[in-house]
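Report on the structure given below.
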Amino acid sequence: MPSAVWPQAISCTERPLIKFTDVALTLGGKTIVEDIGFDVRPGEFLCIIGASGCGKTTALRLAAGLYQPSRGTVTFDGEPMLAPRRDIAIVFQDYGKALLPWRTAAGNISLALETMGVAPSQRTARIDELLNKVGLPGHSGKYPAEMSGGMQQRLQIARCLAQEPKALLMDEPFGALDAMTRQGLQDEVLSLVAASRATVIFVTHDLEEAIYLGDRVIGLLPHPGRIGIELKIDLPRPRDQLRTRENPEFLALRRELFDFIKASEA
Amino acid sequence: MNRSVLYWRAASFIVAAGFVAFWQIIASLRLVSPVFLPGPDRAWASLLRGFASGDLWEKLQGTLAHMAYGWFVASIAGIALGAMIGSSRMMRSYVAPSLEFLRPLPVSAIIPVAIAMFGLTQGMALFVIAFGAIWPMLLATIHGFAAVEPRLYEVARSLHMSRTAVIFKIALPSASPDILSGMRLSLTVALILSVVCEILAGLDGLGHWVLLSARAFRSADLFAGVILLGVIGYLTALVMSVAEKRLLRWRSSGH
Amino acid sequence: MIPERTKALLLPVAAVAGLELWARAIDLQSDSLAPPSAIAAALAGAFKDGSILIATRDTLISAFAGLLIGSAIGLALGIALGIFHIFDRLMEVTIEAIRPIPSIALLPIALIALGFGYRMEILIVAFACIWPILILSRAAVGGIEPRLIEVSRALRLSPVDRVRKIIIPAALPRIFLAFRLAAGIALIVAVTVEIAINPIGLGAAIMTAQQALRPDLMLAYLLWIGIVGYLLNAGLVVAQRHLFGRAALVGDAA
């Protein structure tokens, strides 16, 4: 008996998790972004780059539901994004302002667990697990003010992971940190994301960071922000700080993006 | 506490004792008439007498009760109202300017109005004290709630926190330094207004005690009362300091 | 978009209008409240017969005199404590012991020593003004950029010159802020002393109006006291901006 051939859903393009369709945003009479249309597949790591003022943070905030588009739609898992969702976690650049200074590291992570209704008895275990994951074991009793910039950002990431997010939106998360800390955190994010299989939109002004981290890079042109370039990153995973960055393909992509930025600033 | 801090403290006490000795000398030599300036020995004796007979203790309790009542009412009303006004930009733009206008107004000017409404009674005093003590609490709370880091509100939106959770887990803790400093000011205002009302309305309390002592030219009793009022001021400031240090532990850590 | 100015005025205007309508509607007869129109009339009347001006003059004389004396003492002590740390540490207990005494508690002492009138009020106001000036000018001197002190040493300035040319100008903006604060306190304490016991000035006038069962006049004085307080503060803010420009408004809470 021949096996029935069911019409398969076209699996080479799974249904996108996040979809921007003809999105434009006008605030106070100024058009910040327009004609923004792109998909993000589940598990994909998308980087958005562009010169200052090109609207990349705006695009991220639209994806987060913090802004509503003036035109077009932003959908998550098929549903329009009318408000922020608990299963989308946002990692802000100004980690100092996004953490509660009056709560310890454990308390900050607990905030997410409390809103998710996790029972008090189970919280400590989860908190310790998350602190271990982001490389902050034993720091649960420390206040954010007692931690370095890199540690605070890791704490914010831990709190975001506590939300068990389907998507992780990161707004230049390492912009305020020194180069060495940045590289360490880049690799940590890659391993965390690989383990949790979250979908990521990562905004950065650092071209190399975007290529190093991403599966795809979208470059925005400024004034108003619109998509100017889209590159697929076919570099092998897992990425390595030395080998990947010396890969000729990496250098070629870097050149392409560099030329794009220079042209967009002209 | 390290050694040198202790030594300086001790030296400071010695200097203060020196001033007291100086005071004693002036009084004993009668450089100022003992009707106006009793020596510390007489003031101390009067303190002991007053407490032994229970009189001073009663007066002390009277003043403390007035303060406590007014401060308590003011705290609840001030924080509740302040939270409401401070967390809403709309309310702030309508209400805050009027409040700013009222800020420099001497609060004691409400006393005649209160007397007109309630007469020279306990009720008048409680109204005045509560009214006076609300202002620092209200203004400080509004400021604290208005100054909550907006990023934290975005974090709250992202986490889908309920409105109650946002108020109690984010806004209130964020505003607590301001609220505590408002409480400190409120206590000071409550003390002053208690004394004034006791003087005016003859209510049981240290204010009344010092007024009667003054009228009868019993300077030792008068000074004993003034010293006690200073002690109340000192202790309330101390209690607030300790409370601030414990509740605001997170502020001093780090850096 | 309603402009911010209009929003600010909306509440008071609505309150006044509402009170006026309510008072008319119930034909208000009270010892403690009066319709805004009556208050305005009483205020105008007090201006016409000059009584309010005399009272204002008396209050302001006491307040300013006390402010100046208290500021002078507080400033001298504050600067000395700020410069000489040894002095500061030795005086700590004494200052912390006297500071918490509420100025109003000195009222009976001043009363038996000086009797009713200007002097006792000035004394109490001065006592109240010493502390904010002392604390804040001490902090202002202590907070002077250490680099400036080094410069004064490198230039080999004499101690007097150092105080005159470096310390006072550097600390001046914050000292002026303290002065503004103390001015508010001076007015409040002066009015309070008058309400409690002293038969001069605006405080006494408002008490007299209450005792005469003239709520319109009483509330008129209340309004006027508020206006005086507001104008005093506003005037000092203008002066501050004028004298020190934007640099001085750094760290200004009000």
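Descriptive notes on the structure:
Order as written gives the chain letters A, B and C; numbering starts at 1 within each chain.
Basically, a contact is a pair of C-beta atoms (placed from the backbone, for glycine too) under 8 Å apart; a residue touches a chain by one contact, two chains touch by 3 or more.
Treat the numbers as computed from the prediction; the structure is a model and nothing was measured.
Steps from chain A to chain B, minimised over paths through touching chains, total 1. Taking the mean of all protein C-alpha atoms as the reference point, the chain centroid lying nearest to it belongs to B.
Ranking every chain by how far its Cα centroid lies from the centroid of chain C, the top place goes to A. Chains joined by the most contact pairs: B-C. A separation of 50 Å divides the Cα centre of chain A from that of chain B.
Inter-chain spacing, taken between the CA centroids of chain A and chain C, is 55 Å.
With centres set at the average Cα position, the gap from chain B to chain C is 18 Å.
On the chain A side of its complex with chain B, the touching residues are 64, 66, 83-86, 88-90, 92, 94, 97-98, 100-103, 111-112, 114-115, 143-147, 163.
Per the touch definition, chain C reaches chain B in the complex via residues 4, 7-12, 31-32, 89-94, 96-109, 111-113, 184, 187-188, 191-192, 195-197, 203, 206-207, 209-210, 213, 215, 218-219, 221-222, 225-226, 229-230, 232-233, 254.
For chain B in complex with chain A, the residues that touch the partner chain are 149, 151-152, 154-155, 157-161, 165, 169-170, 173-174, 176, 248, 250-251, 253-255.
Chain B meets chain C in the complex at residues 8-9, 11-13, 15-16, 19, 35-36, 93-98, 100-113, 115-117, 188, 191-192, 195-196, 199-200, 206-207, 210-211, 213-214, 217, 219, 222-223, 225-226, 229-234, 236-237.
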